[in-house]
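Given below, in the form of structure tokens, are the structures.
In what comes next, chain A is part of two complexes: it sits with chain B in the first one and with chain C in the second one.
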Partner chain A sequence: MSKSINVALIGNPNTGKTSIFNQLTGLKQKVGNYPGITVEKKQGICKLPRGVKAHILDLPGTYSLNTTSLDESVVVEVLLNKNDKDYPDVAVVITDVENLKRNLLLFTQIKDLRIPTILVINMADRMSRKGISVDIEAMEKKLDTKIALVSTRTGKGVTYVKELIANYRSLLAQPNLDTSRIAPEYFARLKQAFPKEDIYKLWLVITQDVNFMPIEKKRIQDATSFSTKSKEDLKKLQHRETVLRYQFINATLKDTYKVDLQAATGLRANLDKILTHKIFGYVIFFLILLLIFQAIFEWSTYPSDFIDEQFSLVSDWLKNTLPSGILTDLLAEGVIAGIGGIAVFIPQIAFLFLFISLLEESGYMSRVVFLMDRLMRPFGLSGKSVVPLISGTACAIPAVMATRTIESWKERLITILVTPFTTCSARLPVYLILIALVIPEGSFLGLSYQALTLMLLYLLGFGMAIFSAMVLNRVLKIKSRTLFIAEMPTYRLPLVKNVGYTVLEKTKSFVVGAGKIILAIAIILWFLGSNGYSEDFKNAETIVSERIEKQGLSPYSKNYIKNNIDLYVKSTPLSITGGEKAVSIRAIQDSVRVMTKILTESAMQQEVASYRLEHSYMGCAGKAIEPLVKPLGYDWKIGIAVLTSFAAREVFVGTLATIYSVGSDQEDTIKNRMAAELDESGKKPLFNLASGISLMLFYAFAMQCMSTLAVVKKETNSWKWPLLQLLFMSTFAYLVALMAFQLLK
Partner chain B sequence: MATVADLQPGQKGIITEFDDAVLPIKLLELGCLPGNEVELVQVAPLKDPIYINLSGTHIAIRRVLANHIPVSIVDNKPSL
Partner chain C sequence: MELLQNILAYLILATAIGYLVWKFFLPKSLVGSKKASSKSCGQDDCGC
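Then we have the complex of A and B:
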């Protein structure tokens, strides 16, 4: 048994680093965050020959160690801190055979940090098609490393990489360049001031804004024998470093890397001509968006319905199998109903992540960025804002993080602020259930009203995002350089394995994250709904039975009984013939009478339960906020649901499910229960066109997601922006919902 | 003097010496260095941004930035 080897995977974006990570670790991976920041940390375990284990860390993609973003500085941080538990025993630099020259820049920097380094040349399967030949042996000598030619598509070379990692001790940790050539005099002074330190490491500490080493940086500033240079001078030196490195790389590649241009095929050029065409480019983009929506709203209904049925089966089964009591009720009504509420939209989320991951993996997303940049600029956005705005339809959290690639701070800030307006998947269950309840069936130009409503809601979200971006662009007085550099990667067929992992990972973390909140809220609500302090609550049974004796059943109950009887009569076969007819009609009349009795009894029990709910802790809280939500057309139950969904929107349906199930004895789908609710007058359904639209508009605009607020706080490094977002979006949502209800009612 | 922004689609140029202070280091790392070849691959529908090939690295940049990269145009024949 030996200790495991720490391995860091490093590479430029678009070199297939993640594919190699997946190949090395299989499903044994863990995705978390670096402490205190939102950069994703991917780790995994890889089994090496002879029983050795490697702990593999997939570092964020970067072009060099000269960092410009949070993601990139994580790389520098890990590589500079020998005491970090992630400090690698060996670095594996992943490169793309087609872009070897540029990819080697990062390699030489890592070598110069004196870390044992292995070079992986990926996409080897494209070499013959691109007419590339590499003299591995000669290159290994020049770069002083071991090289593995790998193709993640065929799996070729992965075993060799594992072998190289296992034998990392045989690698020499010598630098490629004499870094003091960057600025001989300056480096000599550095050496004098800090004789014990590695000079290139010091150089990086001086030039990079890395958070973790304020102490070391201070030491440099404090050393009186040493004067630091101005920012401009340092930048000049960094340029010089880049030039020197390229000189070294050019000399290396001259004899070892050959491209026969005759053999190269022009897939990129041909595809680019169509995909970035001034008309077809936009048409194709629009068609792809349509396809995505079609998948989400049509194809995913089948698995969704299936999941829905399974959950009500489980709930029924629990109620019938377990001994009846408080715990069973909580489990069947609170927990299962709540989790079911989120599980039904797993298919939608999976589809969204699938498409986004396909667009990114194939290289198409960059073309969209290129197409849209000029169009987005008048709104203060960048072409790169399109990526967050599209992935915001899945979830605003990764979308806000995806804004990191935007170089200009103002464009990035505006993108962060408007992204939560896009219709994220958490709004879907709310929209879907409300649309099913209040929008009539029927169609217009072959499109159903319900589908049209949903499309309008999506357009509304995008429209609002763009509109507020325009306003913010005028209002925000931030001076920032408008920089825009977007790599246009080679088109690639996405790897099934990569896409599969992404979809699985993202969907899982979404469901687990939302599941936890829903579970907690369901339990709290259930408790608050089934306990109370007032006399009314305790004597609910007597109060209600007295009232029924005097005034009869409530309109809701009468309606409930009538509907069920109608249904019963309709489903009873009347296929009896001749003289027996009279008898059979009598038999039916009898059974209807029995049915009515049973239904009346259960209606009475329901009335007791709902009376109790109204006087429980939750009922009291709901009544307290009712004046605030009444002008929008909501009753106190919806008020509670809106309030709890400030934690996360998808909680809305779960909350209503919990409230209604505490208030009734019937096992029924949540939709049927909502449809049966009546408004104050007792004549109209509670969820009618006016209140339904008001609710949908409220959910379209309100900032109801604590996780998004938290991520915005982290990304903007201030409470100012998330609070502004919360205040503005939610006030706006309230006003719009108010207007909608008052106009429509 | 001509800059990358003046290139026609398919036209190539050699990057000449430029002022270090203006261009971001990221651009240099991507291969925008004096002596390297640059080709204008395509122009976005609204004339901006532009899509260039920096000796093998394909990137898109805005015209504002392209204006700061001086080139000597080498290839005047129209693209095939």
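Then we have the complex of A and C:
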């Protein structure tokens, strides 16, 4: 029978913990949340030698067990609670060979909890380059553990880690430090008050700054026979503990860890000098951003167009293959159009995450955080706010949750309130389709106008976040400041496997997460657009036919027929000479006549579909809100899309795709449908420069995301802040969009 | 066939509405989401 054990992966941030987790578990991973809180919980399964199955838990990165934030305290919660289902049979502490001294602090703390502990020294491939040598055998004796030298880059040592985990019973669960030395008299009193309990565990419970789960301080405080020390005294004792641990670590490393500085190369220092330079650092970052946006536009055009065409073909195929009826129409016009509206952006989203992942994996993102910290200090925010703001480029929800690392409540609140201004990936589809429609295709110094516009929108979002932070900083009068300590990981070549995982996982979660909402909204919209209560809706065909008989086709339809005929004539070869030429011209004239007839019928059906849509339930709702959106340059259809995209921004494109699909008789790509829409006058495209810029600015500033609002409510524990955020962002977005349209029209 | 198409289409509509209500409007406690663990610690020598 196979045995199953719990393994906890623990380590400082940037030690390659996730890489080892990926190597141990492969694709057998599950991402969830810790109960009651939204700190990400990554779990996976690893098959070990001798049929042992290990449940691997990737715990959040922490520098020690003296935690200051919610996500760090998750580690303490798991390690202190033997009743927790995740309580480890064995802890695997991941360290970085270059920062071993600092990383061992956490190791000794875990060892002192009497949990069987394995030490993994990661990034071993860099040892020779850095002139580092480790006497593993001697270190194992001193630390009373088993050590594995691992390189996740080459995969070296991972099998040995699996072997060590499988043999965890041979590890001694003895502490490294005599913890009573921290405060002999105090610990003796503790022992007297709680004779049956582990004193170091009690000590950690007493000194936790964050306490949100079952670990109770109250019981200790309630014990009449024992009184705890003041907060200041406890802090002093914590410092003493750290000093004692470093004395032990120094003594351990003295004989077992050597660095030959002459053998080390100084590439990192030189690179840092350039990449974090107060002028060149920003210039390089700016150039990298330009490259990213250029790539998003240039490289993703072909796969994106291909996907768009495929959805159009599938829709067409469904209509021609399935028996006609309401279900067929729903699938072809509602479901396929709605899903197609988001699927066309998969290449762009994947490219965005590819670049973000490359920047993170290479170690450059930490330098960006450092650069931004310098930039943001004058605006009242510390570097701790930069991490949520930068991660907000992917999604505002984890970014808002990432503010938990900020100790100062006011600084945290400001970061929560301004983070939704940073351009998240949900805005990308909206920007991309609008830019493609209203920004010309030319280029400046080899950079396309479209890519430049996209970059400007990203900078605008970030600028607005900083500006709002400055205003809030003055209004809320922040007194406390957060000390920001950022670790600069060494530069490394990104691992293809890790980058691949990230791109795949993030793109999948974007498509699946947003896709379900878009699909549901597309279905409801299709019903609302295909049904109506008024006589106009029911008699649409008769009314439109009578109108065409009296007034002729609309200017749009006439234009549509003319353009198609011109195209047809141009594409017809006329190469015959002599007497046969007259015959050929007559044949073409005949075919043009047939073509005109077909096109006229199609245009008439189009007008009926459009009229029906206008008088459907959705049309009535759209017309009701039209007065509100008309000053911004939008018609009722865009109004509906703005309204539905309150659920999530990316719904905007899916909604328009569904609306235009219902209101049209022909199958076409989303972009072509949007480009063909005319404004009220019937002469100008609906999506022109003025209305396009107005829409982009609206989406840059509006709080169009219900999930973010829910997370803000959860993190601030009040409806006051999300509602204020919604009110401010929506009003501001409306006013800016209004000004933009009125100035540009 | 038309009746079947109607039934299926309205079933899909009901599912879509149900999903959105579940996603955005129902309190999480009603839909069986994970709640904060209330189990107390303190058994054995866990130190809690």
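A few comments on the model shown:
Convention: the second predicted complex is superposed on the first by the 659 of 745 C-alpha atoms of A that agree within 3 Å, B and C clash if a C-alpha of one lies under 4 Å from a C-alpha of the other, contacts with A are read in each partner's own complex, and residues count from 1 in each chain.
The criterion applied here is as follows: a residue touches a chain if its C-beta (ideal position, glycine included) is under 8 Å from a C-beta of that chain, and two chains touch if they have at least 3 such contacts.
Everything numeric here is computed off the predicted structure, so don't read it as measured data.
Applying the stated contact rule after C-alpha superposition, one finds that A:Ile521 touches chain C and leaves chain B untouched. Judged by the touch definition given at the top, the superposed model places A:Leu330 against chain C, while chain B stays out of reach. When both complexes are overlaid on chain A, the residue A:Gly692 reaches neither chain B nor chain C.
By the touch criterion defined above, A:Arg102 lies against chain B but remains apart from chain C after alignment on the C-alpha atoms of chain A. Of the two partner chains placed around the shared chain by superposition, neither chain B nor chain C is touched by A:Gly622. Contacts of A:Lys278 after superposition on the shared chain: chain B is touched, whereas chain C is not. Contacts of A:His239 after superposition: chain B is touched, whereas chain C is not reached. By the touch criterion defined above, A:Met488 lies against chain B but remains apart from chain C after alignment on the C-alpha atoms of chain A.
Chain A meets chain C in the complex at residues 33, 35-37, 80-83, 196-198, 200-202, 204-205, 213-216, 219, 323, 325-328, 330, 516-517, 519-521, 523-524, 527, 647, 706. Every residue of chain C that touches chain A in the complex is listed here, in rising order: 1-2, 4-6, 8-9, 12-13, 15-17, 19-20, 23-24, 34-48. Per the touch definition, chain A reaches chain B in the complex via residues 63-64, 66, 68, 98-99, 101-102, 105, 232, 235-236, 238-239, 242-243, 246, 268-269, 272-273, 276-278, 281-282, 366, 369-371, 373-375, 383, 407, 482-490.
The touching residues of chain B, when paired with chain A in their complex, are 20-21, 24-31, 33, 41-42, 44-49, 51, 55-62, 64-65.
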